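For reference, the structure discussed in these notes is given below.
We call the chains A, B, C, D, E and F, going by the order they appear; numbering starts again at 1 in every chain.
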């Protein structure tokens, strides 16, 4: 078998199926994304990652669309193609409009620019921001 | 003069003072942060950066606290110490509570983790996410 | 000629062929990877890079599989698609099992997460870790 | 209270103390590092992060020193000062000699270099590395 | 309409057309690159980004080829595939020879390597470099 | 001895002294920077790194100030504090004026911004840039 290939539900162990079932139920989807099918090669990491994602992404102090936009902002900064595609879709599903996406990208671009200006000019932290 | 030093208002040209005045008026603060004082060594970049930041950070499709949290998420991902300190403070001023900060960091951490799992497992983009 | 194209052995200068021959002999392979064929456009960089890689990757204080796993960990963190594919294959050839790969990715993911948590919470270095 | 400050054991809630106690017991240390004391401001993230780290860092398919060296390699690549200090210390405690550290840094440096050469020369993935 | 699709001139608003016209006139090209066609979904960001790029890339203290090579160096370091392709082409158009490209990549590779060696060895800044 | 400490000339082995002597002679300086003193803990890496840097930084298809500015651009993008300080100084010594520094930072900032806009908008590579 290839070193990289998805585990489909029909070929999955009961341990993997239990995670897939919980993802499908929690997200109310008919099938899990490729991310989970590839991660399923390591059932321990699959389960831990899903439990963490489920705990973190449950609405609480921040709502779902804000969390997905933050996820997208990080993925764009890191240049992760898969994550940009999947969390872009998730953010839209959670309510991100075209206008919100435009502003989000503007902020992400500006932050990446000014991060480097601060580095390059060797700006010391203001006393007001220090603990 | 050192290659890295802030330009204080009293030593600034009229061009730089005009930008400092606009920052102080827009943000209703008594003095500008170190970032602007260091950038003031290049008045053209100072002015363009401020005009861009002002345009982008004006509340619109996203509110102020969401924008500052996204700015913080990018800065944490890039490891920019100055920006983490300054936008952490700005996010709190705009309304980020301790609980919101905790969740924000949890999402940022998880996104940085799963970005690498997607890379390492070479996960192909689902057809559903493709244009 | 295109600005990006591989130099095949049959079209290579004697200087490039000497490097290709040494790679093939050292690694006991019939052909060199695309990386070397593209780098061959600059024979000076080709030769210096190969001499450095050969020196560094020769087993010594760390064995071959550990080195390849570290190479893979860095490539996954940087999101270099080519390097993830080539060093994933090299690590497997050097003895990385599926179980070792799973644990490696788990560590890489966790390190990328906690690196950002340390940034975001502005954690100062413990006195015990200081010089 | 400052937005950034450690939670010491004496000031911690029972929920936080339970995590601190488990860290101290598992690692057989008298006090936890700053990382955990700062993360303790968010008990949910503290607990989840510790449970994940404990699961991942328990020796299995990879031994402790290899895992800590991979953690260090990622932290050096990301430029996380705190993590370089703490995981450098942890790797040494787990058995990383000065010679092993030297080789590790050589591999990390070379990987960061060749990652960019592969990007810059736009090297396509060899058919042999494809799924 | 798809969430990701280019805006062609024939479908563009007068606001977008004005930017496209200025790009075509300034660069003396018959059509704008995909970058601008995709950005056109957000006319505000399109306009601001173009005005900034035009101001920055106009020859002044640095000539055009130097600026494009710096742009390429950053894009290679960040691993942005689109930007490597477009600014590689722009640098060549501005006068970057094959030999200059080879040296540029060598410097970029070495800088990425020594950046990590400095991180890993925790090298303190020399007094001579301090302000 | 600490795990992180510089090797001074007076304490250095003859192998290390030979490298230090060559650096001092090549650069016509009285002492080597901290970078080399810390790297000296691993004489093999010290020597290989110096030989590579010497080969790459010798003026050729690109002049000294251009190379140092590219080195600085990469270091600013990666956020390496030591490298920003040392290559900022080196670039100035090689002829970078205050005006050139200002433009360099403007390009570096803009490149980091547009790299993310290209990522976020998922811009496909124009046919004209393809091989």
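As a convention for this text, a contact is a pair of C-beta atoms (placed from the backbone, for glycine too) under 8 Å apart; a residue touches a chain by one contact, two chains touch by 3 or more.
Everything numeric here is computed off the predicted structure, so don't read it as measured data.
Participant: As a test of understanding: of all chains, whose mean C-alpha position lies farthest from that of subunit E?
Facilitator: The chain lying farthest from subunit E is D.
Participant: Looking at C-alpha means, what's the farthest chain from subunit A?
Facilitator: Chain F.
Participant: Check the residue numbers that subunit B and subunit D use where they touch, and answer same if over half are used by both copies, otherwise different.
Facilitator: different
Participant: Write the angle of the rotation needed to overlay subunit D on subunit E, where the fit uses Cα atoms and the result is rounded to the nearest 5°.
Facilitator: An angle of 180 degrees brings one copy onto the other.
Participant: Which whole number of Å gives the spacing of the CA centres of subunit A and subunit D?
Facilitator: Comparing mean C-alpha positions, subunit D is 21 Å from subunit A.
Participant: Roughly how many whole angstrom separate the Cα centroids of subunit A and subunit F?
Facilitator: 34
Participant: Counting in whole Å, what is the centre-to-centre distance of subunit A and subunit E, each centre being its mean C-alpha position?
Facilitator: Spacing between the chain centres: roughly 27 Å.
Participant: Quick check on subunit D: which residues sit in contact with 2+ other chains?
Facilitator: Those would be 3-4, 41, 44-45, 48-49, 52, 56, 77-81, 85, 88-89, 102, 104-106, 108-110, 112-115, 117, 119, 121-122, 131.
Participant: Under the stated contact criterion, what part of subunit B meets subunit E in this complex?
Facilitator: Of all residues in subunit B, those touching subunit E are 2-5, 44, 48, 52, 55-56, 131.
Participant: Residue numbers of subunit C touching subunit E in their complex, please.
Facilitator: Residues in contact with subunit E: 3, 41-42, 44-45, 48-49, 78-80, 131.
Participant: Which of the residues in subunit C end up touching subunit A in this complex?
Facilitator: Result: residues 79, 88-89, 92, 98, 101-102, 105-106, 109, 122 of subunit C touch subunit A.
Participant: Subunit D touches which residues of subunit C in the complex?
Facilitator: Counting only subunit C, the residues touching subunit D are 4, 33-35, 38-39, 41, 45, 49, 52-53, 56-57, 60-62, 66-67, 69-71, 73-75, 77-78, 80-83, 85-89, 97, 99-100, 102-104, 106-108, 110-115, 117-119, 121-126, 128-130.
Participant: In the complex of these two chains, what residues of subunit A are touching subunit F?
Facilitator: Against subunit F, the touching part of subunit A is residues 72, 76-77, 79, 81, 84-85, 88, 104-105, 108-110, 112-117, 119-122.
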